[in-house]
Every structure is written in C-alpha cells, then in structure tokens.
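Please find the structures below.
Two complexes are shown next, each including chain A; its partner changes from chain B in the first to chain C in the second.
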Partner chain A sequence: MHSIGYRANALLTFAVTILALMCAIVSLSDNLNSPSPTAQVQVLNINWFQKKPDGDDEVSLTLNISSNLQSLFTWNTKQVFVFVAAEYETSKNALNQVSLWDGIIPSKEHAKFWIHTTNKYRFVDQGSNLRGRDFNLTLHWHVMPKTGKMFADKIVMSGYRLPEAYR
Partner chain B sequence: MGWIGDQIDSIKSLQFRQVLTQAVSLGMIVTSALIIWKGLMCVTGSESPVVVVLSGSMEPGFKRGDILFLHMSNDPIRAGEIVVFNVDGREIPIVHRVIKVHEHQDTGEVDVLTKGDNNFGDDRLLYAHGQLWLHRHHIMGRAVGFLPYVGWVTIIMTEKPIIKYILIGALGLLVITSKE
Partner chain C sequence: MISMDWQGQKLAEQLMQIMLVSFAVVAFISGFVLGSFQIMLLIYASGVLLTSLITVPNWPFFNRHPLKWLDPSEAEKHPKPVSANTSSKKKTGKK
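And now, the complex of A and B:
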C-alpha cells in the first residue's frame, strides 16, 4: 500500500494536476485585461497598378503604418502577431481579404511602432475588379500566449479607394 | 533474487478472478481514454482535437513539441487564423496561418492561402502540384489554445519506438503484478 511506487505515482499525479490548474488560471487571468490598442494606416503612394497577363488586377502600394499595441501585453503573452489586410467586396466575391504586411512583436517595448513599407505580399485580385474599388485596411492582431487560449481582434479603417485607371 | 523473485511469485500466484479483475480494470482505462478522445471530437467538431507541432515553420509562436487545441465550427475561415490542413498526397497535416481569403458570392465556397510565420514565402510550394488555393474540405480545424512542451512525449515515442515498448512493457508488468 505504501510502497515507493505508490508514493511516486501519487506525487506525480498531484504535481501534474497542480501544474494543469496553474496553466488554466494563468490563461483565465488574460480575461482581466481590457486592451485599448490604436492604429493608423496611410496609403502614401500607388507604385503601380496593372492587369496581369492572366487577367487578374495587381497593385503595389506604399503604406505608413503606426500603431500602439502595448496594452495587449500581459504576463502570459509570448508574442503578438500583427498584420494589415486589404478587405473589399466584388461582384464575384462576397469577401476578399488580402494580407499586405505582417510582423511579429516579441515584447511590450516593441509594441509601439511605425513602419514605412511597400506591400510585403502581392495585392492580387481574383479577376479584374480593382479599378475604382473602395476598400478597407484592417489591422488584425493575434495574441499568442505562453500557455492557454489565444486572442485575436482587429481595427477596421475604411475610406480607401484605388484609382480608376491603370498606371 | 529478492525483487525479481517476488515478482515471479506474484505472477505464479495469480488466480482466475484476479486476472479477470485486472483485465477489466485495464479495459476500463483504455475505454475511458477512448471516450475522452471521442467526446473531445464531438465537442470541438474537429477530427483531431489536439495536434502536436512537428516543424519550426511557425516559430517563435509555436515550437516543435508544443500542443495545439483545435476547434472546427461553421464560422467562415478568415485571414489571420491559424489552421491545420491536409494537402492531397501528404500524410502529415500542416499548421499555418491564413494570409488571403476569397469568399465566392454565389456558392459561399472559400479560397484560402496560408503561410508559416517563420517561412519566407507562402505555401503554394507545399500544396499539391498546380493547386493554388486551399478549400474548406482541406481544413481540419483552427487553433484556439496552446500548451508548450507536452507534445515532446509523443515526438520521442514516434522517433524512438524502443522507449515506447519499454514504457508499455513496464506499465503492463505493473498492472499484472499489482494486487490492489
């Protein structure tokens, strides 16, 4: 009944239970944080805008992104993944989301940033629907915890419009 | 002889009822594990509710040996979500992030493009030959929770099967020889 094996088993079971409980509590504590991030994105330039040989529209933009995501960080945050996506509707597609830029923020000190960049991923439509197209730029973030539940949210910025003609 | 002798004696002294009890309790352990797994499948709606990260393509977010909890609801797939998907002709599912989504107006079908956070380019090279987009049926679930390191147990067991057999053997012996 009180052999080494039983004692080791009881100790291990207890240790694992406590560890699991601690992980759960740490993850739950993230819910106490109510973040208030801010973001601004400007389209500084349309570098070029054309129809590819296969018929799809493609555009190249220069963006200025400034954001403060410091309030997202808690003691359980490993990193925050942040990206800016162009979102628009066409007659063919109810929703198009095209990621233009993304980055990984490793710590709170780096969470207040601004960056001047061209689009990192190609902004290609499915078809030729981009001329004169209104679109939103949305800053999404994805909080990756040290353990537990992941959180994601976004800020939508509307009122952007692509030119009427290729250039 | 001490310990080994005792063990052999205890195996010799087994009686039919005792063997039966032990078989039943072993069966209980196996079936309750199966019940938990199948129950999780029902609750999460994903055919594999827990996956182990095998590659470093999502570092520094997910490292090799971390465990992800999946959920598969009817909510549409959106950019930024981390999805687990199967590609035709590949056995091992891949965990990557969605970077582009095109949802068709008439059918509601989605075209999805993924990329590993730590990879330089998108995943078109990983997809089946000539495949440009992932569709709903490729996707097994989206990652909702994360637990570090625990997956190393399964990685070690698949890569060093000898450890698995030793472990199973030791547990089996323990079950056979225990009296309680």
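And now, the complex of A and C:
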C-alpha cells in the first residue's frame, strides 16, 4: 500500500471481487421466489388442414393465448421468453415438438397478456401423422436473469385433437 | 513528495476493505428491499468511488506518524560493514 498505483490496484481488485460475490448472492436470491403462473390456450379454428405435395401434413390454427406470468418476475429478471409448442406422440417419435408462437416479455407490466393469433410458425409434421391426432399445447418459458442462473419451466395443456379429414 | 507512513498505509488498507464491504452490504439490502438491481449497482458504484477518493491519494491524514531517520552526518559516523566479496561478484556477474 506504499504508492497510489498499488492502492488503486488493490482497491479495484477487491471491489470487483465483492461485485462478483454480490451477483452470485443476487442469483441465489431468485430461489426465494416461488412463482404461480397461469395459462390458457384455446384453439378457435382449424383454418386449413392438408397434405403438402411432399407428403407431410400441415395445419393452420387460430389460437387464443392468455397468460399471467407476473409472478416469474423478480428484481433480477431481465426478460422472459415464452413459446407455445404443440406436442404429440407418433409411432416413430415418442415426442414431437412444434413451436407455434413465441414472444419476449420485457417487464412485469407486460407479463399479463392475451393474444389472438394464427400460428406464427408453420405446424408441419415429419410425415403424415396428424389426422385425428391428440396433442398437447405447452407454454414453455425461460426466465432470463440480469445475472446468474437461467430458469425454465412449462405448463402443459392437454385435450386437443386434430380432425380426421383434411379440409 | 509526501507519501504515507507505515501506520497510514495500514489504516488506508483497512479503511478500503471495511468501506467496500459495508457499501456492498448496504447496496444489496437496499436493492433487495426496493426490488431494484439498478439501485444496488448505483449505491455500490458510488461507494467504490468514495472509497477510492478517500484511500488512494496521499492525504496528509495518512502521514501523521512519520519515521524519524537519523541525520546523514550522524549516520556517516557509524558506517555499515561492507563484505569484501560483494564488489568482485558484481563485476563477474556483469561480464
């Protein structure tokens, strides 16, 4: 501690070490939050349902997504990424996941929302397995923190069924 | 140039550590209670700034116990014993 340079160096090193420790504790404090998010997705309409020329099934849906994710937000939350995926089982694959819609929630004020939309991304099967298929709509979310660990979870909504015939 | 004496250096180091840790604790608690990450960072940053202003420059405050060296004339009366080998070793080392 004999010169200005030495003291400045020691102070900066110690200050940054403490900052890293603070960030670690902030990340740990996220575990105190026990969120209780809710979500409902309604399939309002099957707009069309057909087999593409290459043999894969494709369907277009109109969805009404309403959700309250406000309890996910803590003082360490930068934003929340949400997406709705159709999940179903076929003889070839135990789990097929097709993302239909996604969004970024920038703040707690925007975390209670509803949206009326057709599927943002195409709902295409790898094959011709969609007729009469039962499927789940799952709302997945990833909580992106300002610092530390990222959290991910989902709400599974079951009981949806595609029609038996193309239209 | 006026620099810090030994006790001043010790005091500066202790002050630096205590102040930074206290500001970190205050910043974390305020941020947590107010639910604002930004407030935590602002309080801590101003704490670091204040701490560096207090402990980095050579304030006269840290020089209140200066060492009292012997006067040069007094030191010359008692020369340090010089070993015979040192000078020759240095010469061979340079070559």
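Methods note: the second predicted complex is superposed on the first by the 166 of 167 C-alpha atoms of A that agree within 3 Å, B and C clash if a C-alpha of one lies under 4 Å from a C-alpha of the other, contacts with A are read in each partner's own complex, and residues count from 1 in each chain.
Note that in this section a contact is a pair of C-beta atoms (placed from the backbone, for glycine too) under 8 Å apart; a residue touches a chain by one contact, two chains touch by 3 or more.
All values reported here derive from a predicted model rather than from experimental measurement.
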Q: Could you check whether chain B and chain C clash or fit when both are placed on chain A?
A: fit
**Q.** Which superposed partner A:K52 touches (first chain B, second chain C, both, neither)
**A.** neither
Q | First, second, both or neither for A:R161, with chain B first and chain C second | A | neither
Q. After superposition on the shared chain, which partner residues are touched by A:G148: those of chain B (first), chain C (second), both, or neither?
A. first
Q: With the two complexes superposed on chain A, say which partner A:D102 touches: chain B (first), chain C (second), both, or neither.
A: first
Q | Partner chain in contact with A:K112 - chain B first, chain C second, else both or neither | A | neither
Q) Touch check for A:R7: first (chain B), second (chain C), both, or neither? A) second
Q.
According to the stated criteria, A:Y121 is in contact with first (chain B), second (chain C), both, or neither; which is it?
A. first
Q | Vertex chain A, arms to chain B and chain C (CA centres, degrees, nearest 10) | A | 40
(Q) For the three-chain arrangement built by superposition, which of chain B and chain C touches the greater number of chain A residues? (A) B
Q: After the superposition, pull out the minimum Cα separation from chain B to chain C in whole angstrom, please.
A: 8
Q: Find the residues of chain A that appear in the contact set with chain B and again in the contact set with chain C.
A: 1, 146-147
Q: Using the touch definition up top, name the residues of chain C that touch chain A in the complex.
A: 3-4, 9-10, 12-13, 16-17, 20-21, 24, 27-28, 31-32, 35-37, 40, 44, 48, 51-52, 55-58
Q | Residues of chain A defined as touching chain C within the complex | A | 1-4, 7-8, 10-11, 14-15, 18-19, 21-22, 25-26, 29, 74-76, 146-147
(Q) Which residues of chain B touch chain A once you look at their complex with the stated criterion? (A) 60-62, 78-82, 97, 99-105, 108, 111, 117, 122, 143-148, 174, 180
Q | Contact set on chain A toward chain B in their complex | A | 1, 5, 23, 27, 78-79, 81, 83, 85, 90-99, 102, 104, 106, 121, 126, 140, 142, 144-150, 152, 154
